[in-house]
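The next part holds the structures, each set out as structure tokens.
There are two complexes below, and they share subunit A, which is joined by subunit B in the first and by subunit C in the second.
So, the complex of A and B:
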């Protein structure tokens, strides 16, 4: 990280400081609903060719104060009408998303026959048009708000298949939705796409204690899987701050990395099989549980990271590593970025097989975290340091690992790589260190917005979603993107699956 | 003035406890062990008193099997000056611990003893009180604030009691047990961890201290509390009354 970038960070921090109060509140308090600025989508249904401004607004609300609980009036279920009367919130808008996207006229509009049909497939209870629709229409940071009028909750692969078959025949656009914890607007409708939420498909189908292979439905919440495996002596190969809400299907669809990537690798390595429903309703059963299967093309990799644009994942077969008892965490301070890099190299060399996480944050990030979250303290207070590193080791022998870690840390301190550090002495202290780091994930989308407005470069950390759909050329060659578009057209010819996202609009035939 | 602090090695507070299949106790194999949280608070308070210049030395004391030395090392890493390890296998009940403490006090002659109010494994809340009783010293338990007056040789302790806060004034030497809100324990910093390696740890056995640790208490059985049953939806008020009367026996 150059001085220039550090300066950018500092400037950004000053910008963020004015509105930073709201960041954490939104995630951790979830009180009421702030008045939301909607896109002028209300006019959409009867003026399909009107230019619609996709407003990406950042909402500022008082910290502990008066949350205006704006109850949006229920979308009136009349063709072409969508009555809504909450006040537009005059907020800062970041406007990164290509400015204006039009709702594609080739997608049909929902009508009462459609709803009746879905009720036939799913039953009355799982066809939702009440206030739950509001939450489903918005991502959890309230940056992206859609105007879907229908939320479906299928309970089985067969129901998903029948829903998609119908939507495909009617050319109704759909958004597959999991825990809705994404940071790039990939899990919420852009306009009035039908939301298919996988929350009710949360069964664990099987678990093999010998191999550690878990087969489960896509709606299983990551934290629930972690608890389940905990009882068996195993652990999920991925871990993220959002684990209390995110679903494994969404994790796979976004190829989520998380905190343990350095130890267990990416989902491309850990997922052994998938069951996917394609746009036309066909169920693709690739739910193998073999560690190695070299027969034909390995199709599941197409769907891992496809962000819901090639098919809806309904079941996942994943390899889980055994739970190791001895976990140690250290929180360290470095003087400069070069030391951090050297520290990573040294950690890999000295800690070797027990290294399970290496996370990094700078002083500005630490300030933002400390100022916005209650009950956290800087483990290395009162001195402010330039850079902070969190190192975690996971192994089998408590005393051996601790000794190894202490030796590495003491050595690093003596050689000047680290200027200070603390070692967590119990699980509570360890969680406190992790909290500092996990909170940071919430701030990242705003940093992206800011740096992209200042011609910064795009990272592929959180997927492409809506936020970066048109920016994919920054990191992939035109030929590669062209092939992606061809595959998309092959698998989803009517482009009903999660439209406007992932691939650049210029290559899709939306209009 | 010397301060003695008791620290105990217990199953980490955040671990999910499992009862052994033979019901003789709780599963401790391959389970993370750490310092009792109340003991951390006790040690933190002792260190703060020392840093305020009111004490000369903080001695951390632990009693238990060989592995208890890890907890002692944590205490030294937090800043204690010396450690004492009374190595004893087998269960140590509070009375035995208190007697061992009395023996150590006769050797070390501290001016203040600070313990955690209870250990999170047995929740006895007895050791501090027994130590005070055996020594004939005043005690301030459930301390949420401790203010030492060196000249007057007394200590003011705010105790958290059911009715609120009670302030007692104790003549030194005294025994204090700490409650949750007393302070927030510090982290073990690397420089202190390095220093801790060279801090002396003295070992004793109960025999050397002339204390019989055999207890009159015997743990007969350890079982889990009954699992919470799922709620039942009733379809009418009559059914509700019937259940309340005949199943729950509350009306």
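So, the complex of A and C:
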């Protein structure tokens, strides 16, 4: 790193630090308004209608990991009935698209006949125009606020199909919505798109203990699936800070990476099949649960990471690995970035098959966490360290794994790769180490805001959404983006699915 | 399994046994005509023009794993110049499409102007009409024989692009070809398609020892990449019996699964990026080497497993894991199929992170191998066992891994899951165990033939190719196949890329 780069980097963090503190302070002051998101979801409920109110109440107020002391506040409730006309394009201050786009006149405007038709399909109860609509109109950061006048809660693939068939024939734009925990406005209406939230499709359809293959509906909450699998002796190949609110369908639609990518790999490898409803209502059954099926093109990958712009994911089949009993966690300090890189290489080589996580943060990020948030402390002595690394191993034999990790740590200390380190002695210490990393994830939104305001460079962690639709050329070639646009037009010719997002507006002819 | 099913199964194998012996005998008699395929490829050559003759000579005569004593014979050489008019549709006795399809009149016929143009692009030497053309016109089983009058050997992406741009403008059909080791006719011309073989694009472009990311050209031989990585302390996340001949581009185009899928997962998880040339000559750069890049649709997956029908893969970026030093192999016997299933579950749970392969064969398959092929023997005492399982562990500490595997085996013996077993004591024994499984893979073609003749059910191991293009509906829904056809027409409107294959002819309007 050149000196100039180091200075730029420091300046970035100084500003981030300031911005974050201000924003976090503001959020702390709002604390307490969001009691409904505080309790942990308990287990997985298989009764179709159970806990619906509880689930839906999470909309706009997700439980994001362990950041229990700084939650997004719910908007004050208003009478949000059909007659109410929300101001359009309100409050979208995030990113560079605010004010740049206009509602496309090709989309129809919702009328009372439409609402009546949806009530025929879904029943009175699941066509929502009360206060839950306002929550669904906004992301949890309140950075994106739409003006949809209708929230639909389908209970089956058939209902999703009938909704989309109707919307397509009427040219009514829709926005598919899962746990609404994203950071780029992907699951929030831009204008008055009809919101289709998947919260009621939360059944586990099957689980095969021999193969570890789980088939479930798209609205299953990630944390519920983790609990379900834990009881079966298996684990989800995905873990996220937002697991208490996010839905598996949304995870797949955004190709969520998560904390253990190094061990389990991407969802493109673990998702074995999908059921997707296309814009015209056609149901695309790609639920094959074979690990080897090479007939034709593997279409499901198009939908993994497509952010609801090509179809609505209704079912997911996913390969889950067996749970291993022994978990060890170390928290380490390195003097420079090169040492961190070398440490990763050494860890892959020496810990090999038991390495399950390698997470990295620098001292400025650590300071931001320590200075702004309660209940966390640096596990290492308060010396000036430049970088911190969390290493997790997962295996089958506690004592052997621990011995192996200790040997690796002693070796790394002797070779100078690490300057300090501590091994978690119990589950509480282990949780405390992870909390540092998970809390850091909560600060990401402020990094996005800063990045968006100051450099506009694109990030790959949360998809494109609305925020970055016009910036895709930073990371993808013009030919590739052109092909994406052609595929979008092929699959959704009226562009009713999540319009204005993912792809650059110049290619999508919304006006 | 019901008694009726058991009987059907036995009958299947009796016939397979008979068929295989006949076919294998025939192949043994031809032995010795294929001296050029016998020697092992040594290392990876980076000089653009080196060993070209050697490589190209493999066409039609692939080195398939360890089956050194029973190779496909090369066809007798003929004068295969431009003037020669091959009989069309000759010799395609495999599968049910023989005689069913006609050459599409929409494709142009090659003329001398075309050949002159290709010589301008590629130079005289790499526009081939000599005896190598006949080898390239046939698969290694001689089940599919085409009548192409031109073999092109591009050396760069730009050359591939210029070839396709020209072919598209002229409506000349092409067949992309790698090592030509497939079993379903995917890389052999059906009629007179121009063959584009990637053998000369065999450069390693970059390898990052920190991340383990390899970027190489599509024509690299798998075994050469394995050797290259071995020298760097890494492994390919893919191993195949045909590694001595098959090319990485072909592996990706057919989504080859290979022997260690359980450890490394599918190519959809390991391939980080591709460069692909589309039918119109456009180069699609999707070579991003980030593990997390969620901007737009992940188009590369469309090309993984598309068998050259959507574009020609020219470069591959792949994530490779570090090589681990300790490998242990056990060869076991089980009394029934249920025990094998339970053993797999137990192995995943007890061996967990070190389990790298679990391969299964039944006693009839074992008999076929033992009775028909020299140099193999059953490692277990000659008692009547019904099923055999090969288990491989890979880890970082020899003694610990061995102890762990032994403990698992003793436990499985005590619980009755396995009835006998032996642990390889050295590298020779380990190789001998693997040889049994690898040789079994060589018998697959005869299984395909039998299956194709007697039941016509579709297999997922080798793609669709020509053999099964009209049978895709057995495994994919009509909506999914329709979308595949739409995407094919979008990307290759003149259907010049590998026509008649992969997708059902009813949807592709070839006539």
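A few comments on the model shown:
What we mean here is this: the second predicted complex is superposed on the first by the 404 of 511 C-alpha atoms of A that agree within 3 Å, B and C clash if a C-alpha of one lies under 4 Å from a C-alpha of the other, contacts with A are read in each partner's own complex, and residues count from 1 in each chain.
Just so it is clear, a contact is a pair of C-beta atoms (placed from the backbone, for glycine too) under 8 Å apart; a residue touches a chain by one contact, two chains touch by 3 or more.
This one's a predicted model, so the numbers in the text were calculated from it and none came from an experiment.
Once chain A of one complex is fitted onto chain A of the other, the partner contacts of A:491 are limited to subunit C, with no touch recorded for subunit B. In the superposed model, A:397 makes contact with subunit C only, not with subunit B. Of the two partner chains placed around the shared chain by superposition, subunit C is the only one that A:295 touches, whereas subunit B remains out of contact. In the superposed model, A:383 makes contact with neither subunit B nor subunit C. Once chain A of one complex is fitted onto chain A of the other, the partner contacts of A:230 are limited to subunit B, with no touch recorded for subunit C.
In the superposed three-chain model, the partner touching more residues of subunit A is C, compared with the other of subunit B and subunit C.
Residues 209-210, 212, 233, 254-255, 257, 261, 265-266, 268-270, 278, 282-286, 288, 290-299, 301-302, 304-306, 310, 321-322, 324, 341, 344-345, 348-354, 394-397, 400, 404, 458, 460-464, 468, 472, 474-477, 479-481, 483-484, 486-487, 490-491, 502-503 of subunit C are the ones that touch subunit A when the two sit in their complex. If you check the complex, the residues on subunit A that touch subunit B are 230, 325-327, 330-332, 377, 379-380, 398-399, 406, 409-410, 413, 418, 420-429, 431. Every residue of subunit B that touches subunit A in the complex is listed here, in rising order: 12-16, 30-35, 37, 40, 70, 74, 77-78, 184, 187-191, 193-194.
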